[in-house]
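Multiple structures follow.
Presented sequentially are two complexes of chain A, the first with chain B as partner and the second with chain C.
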Partner chain A sequence: MSPVAEIIKRDIKLAARSGGAWSYGLVFMAFFLALCAIALGGKLQTLKDLSIPLIWLSILFASLLSISHIFRQDMEDGTMAQFKLARLSSMTIASAKTLSFALIYLLPLILTTPIWSQFFGLGSAELVGLCLALLIALPAIAIYVAVSGALLCAKQSGGFLAIILTAPLLIPTLIFGIAAAQNFSDAGIAAMEFRILAGLSFISIAIGLPASAAALSANLEG
Partner chain B sequence: MGIISYLANPARFLRFSKIATPLFGWLAIIGLGIGLYLSLIGSPLEEEQGHTVRIMYVHVPAAWCAMAAYTGIALASLISFVWRHSLADSAARALAIPGAVFTALTLITGSLWGRPDWGTWWQWDGRMTSVLVLLFIYIGYIAIWNIAERKIAARLAAILAMVGWINIPIIKYSVEWWNTLHQPATVSKLSAPSATAEILWPLMVMGLAYTFLLGWMALRGIEAELVALKAARNTPHSPATVTIEPA
Partner chain C sequence: MDAQTSYPMLTTPFKGVSLQASGLSAVRGDKTLFENVSLRIDTPELIWVIGPNGIGKTTLLRICAGLLRPDTGHLQWQINGAAVSAADCISFQPPQGFAKRGLTLAEDFAFWSRINGLKQISDAALDATNLSAHKHTFTQNLSTGQKQRLGLSRLLADQKPIWILDEPMAGLDTSGRAQTAHIIQSHIARGGIALIASHNPASIDNTPARRLTLGTPQ
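This part shows the complex of A and B:
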């Protein structure tokens, strides 16, 4: 079994044994969206227009709040040092941890979006567009959060800093992701925004994974 | 590459900066003096905008310096990342705060200019939004210098600066696209190509003066960092003391 698959298997096993810690992101998302709906007055007609941006924001914040699961926890308990001793390259570790983060912490958020979208009375066409846009943007979200995670993995508390570092990088994804979801009912999956979104995800793979690996190396050397 | 490897030696750099720093400082003072006279008194009024057009002479050079400083940070980061020159780290760090201040200055002067002209302090206009994002990137960059000891922090900061540098054009074009999507009525901008020589001269003098000011601040920053590093190296460790208390 390849080291990447091995690490992902281990992370899934740990998440399953964590007593539900993996689901805090989901709970946060539900709370955040409910609070937004209450704060905005609770009229479905007004909420409907805002639902796609709000769901996008809730997913971005939920993923940023689970940032310590990507690298920091393994850094603290010495797992990372063991990976290094096992002669895994930083690129392997970064790719594996980013993948397992996307699978365990991000995918559930996207898969449960249909449930939360009913808080806002979202129609089915918009819902399909939203979920597709989120799935296409998944690599970009996971990787840019992972870059911050790798930069900050030796720091005890870096919640605000993680948001400050990640937010500028995710602005294009946010802009095109929301536009793609909103245009899905008109242009379908062929909409220009979906292609740009896919391009942004590819760029994030090209830039973000090496950057995470380099940041991880820097933190492991010190 | 020659000049970079030449200056990478701190002793040689200090010899260079001993001449260059005061030169930059004086050129900045002289340039600002001439430029401010030309732009505030010498240049003509614009027909539609009146005196508010003079804000341009402090606004445009600030924007130029904000971008130049980030380019400098990205270049220095690349040099530090590839060749591990410690001086490149100092250069990148020294440019960060002046760059952030120039970015903030761009936003503030732009806002002061926008109020009489557009009737609002802020517009989610493509350029303004991307300058705001540049300020966010600067803040993140400055913050990351404080998270670890210098050697590691320098490397992390270099990685962040390079990732940010690649992303800046992507962010800029996304924001411009987003802006045209959401605001068909874009605010009219000063038509730069048609600017006459009377406007162009003061602007160029101010641009040069700002650039020298940025260079002076960066050089002073590098010198200060070198002094601090030297002091940290030369601090003798205080002898261990033991206090024996009677039981």
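This part shows the complex of A and C:
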């Protein structure tokens, strides 16, 4: 098995034994959406109109919550240094850790979206559009959050800095993600916003992954 | 302990191993940790790096392992007279080892064997460090000595000729120290090199050893 698959397998095993750390994002999402529903007065029509942006925001915020889980523990306990001595490139480490972050922390958020959408009375076409948009944007969300994680993994604090660093990168994804989900019932998957969203994800792979790798290298040698 | 000599894999000799460092210095913030440290190890030998806390022993070790860039100076590692990269020749063990919380000893050992590209998971290394009975213990429940031995078992399995160990004897009792000393002795005996930081260097029988003292004029 390749080192990338080995690291992902190990991370999934560790997450399953971590006492539920992987589910904090889900809990946050549930609270955030429940509080939004209360704050907006609980009118079903208002909630339905706002459900797509609210679910998008809850997923982005929940993903930012997990920033410190991506690289920090491996950095602190010496695992990163050993990866380097095992001839793994920073790019391999960054790819593996970003993938396991996407699988462990982000995918559960997207998979539970149908449940939340029921509370907001979202139609089935909008729900399909929302899930598709989230899945297409998944690489961009995971990679940009990982860039901040890699930059800050050698620092004890820096959560606030992470949000400032990541938010501007995620704004285009948020704008086109919401628009794609909303236009799905009219134009389907061929909607221009879906193509732009896919483009944003590809750009994140081309730019974000090498940036994470460079940040990891710099922090390792620091 | 005798298990170690009964596995040929753990006794195949290393040849032509050397570590050469010249003019190394390291600066942290506005403090110079050490300046112009030179070191040449080209025969099987054990070097103790000694000096008070905070003098830069760990930094020197990490530089020699290729994990940190020195502020000045040059490093070269060789096998059979040919220059190689750090990853080709170096095993590095930090003070507390690097066992991952949440994995069992066997899982942690197997993970690193696969990451290091070893063809098979070698039980010989676990036998040689008397850890076979603890395979299913979670690493966070291992004692200090067992964690240190898990680190050593990975060094044995990894088969790299240069060992760089940071305080491998800290927190060990007499028998633990003897066991660690025996493993290090066997490594030197097969032609390897060990660079070890310690506050309390042990005398290891039949093993050529030198001391590098940081914090005093070289």
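What we mean here is this: the second predicted complex is superposed on the first by the 222 of 222 C-alpha atoms of A that agree within 3 Å, B and C clash if a C-alpha of one lies under 4 Å from a C-alpha of the other, contacts with A are read in each partner's own complex, and residues count from 1 in each chain.
Methods note: contacts are C-beta pairs under 8 Å (C-beta built on N, C-alpha and C of every residue); 3 or more make two chains touch, one makes a residue touch a chain.
Only a predicted model underlies this, so the values are computations on that prediction, with no experimental measurement involved.
A.B. asks: Kindly classify A:A179 by the partners it touches after superposition: chain B alone (first), chain C alone (second), both, or neither?
C.D. replies: A:A179 contacts chain B only, not chain C.
A.B. asks: If we overlay the two complexes on their shared chain A, which of chain B and chain C does A:L152 touch? Say first, second, both or neither.
C.D. replies: So A:L152 only meets chain B here.
A.B. asks: So, does A:L106 touch the first partner chain B, the second partner chain C, both, or neither?
C.D. replies: After superposition on chain A, A:L106 lies in contact with neither partner.
A.B. asks: Determine, under the contact definition given at the top, whether A:A191 touches first (chain B), second (chain C), both, or neither.
C.D. replies: neither
A.B. asks: By the touch definition at the top of the document, which applies to A:E221: first (chain B), second (chain C), both, or neither?
C.D. replies: both
A.B. asks: Where does A:G208 make contact in the superposed view: on chain B (first), on chain C (second), on both, or on neither?
C.D. replies: first
A.B. asks: Check the residue A:I141 against both partner chains and state whether it touches chain B (first), chain C (second), both, or neither.
C.D. replies: Neither partner.
A.B. asks: In the overlay, answer first, second, both or neither for which of chain B and chain C A:L85 touches.
C.D. replies: second
A.B. asks: Using the superposition on A, tell me which residues of chain A are in contact with chain B and, in the other complex, with chain C.
C.D. replies: Overlap of chain B and chain C footprints on chain A: residues 221-222.
A.B. asks: What residues on chain C touch chain A, complex-wise?
C.D. replies: 62, 65-69, 86-87, 90-92, 94, 96-98, 100-103, 107, 111-112, 114-117
A.B. asks: Over in the complex, which chain A residues touch chain C? Could you list them?
C.D. replies: Chain A residues touching chain C: 1, 3, 6-7, 10, 13-14, 17-18, 77-79, 81-88, 220-222.
A.B. asks: Spell out the part of chain A that touches chain B in their complex, as residue ranges.
C.D. replies: Those in contact with chain B are residues 147, 151-152, 154-155, 158, 161, 164-165, 167-169, 171-172, 175-176, 179, 200, 203, 207-208, 211, 214-215, 218-219, 221-222.
A.B. asks: Along chain B, where are the residues that touch chain A in the complex?
C.D. replies: 81, 133, 136-137, 139-140, 143-144, 147-149, 151-152, 155-156, 159-160, 162-164, 166-167, 170-171, 174-175, 177-178, 181
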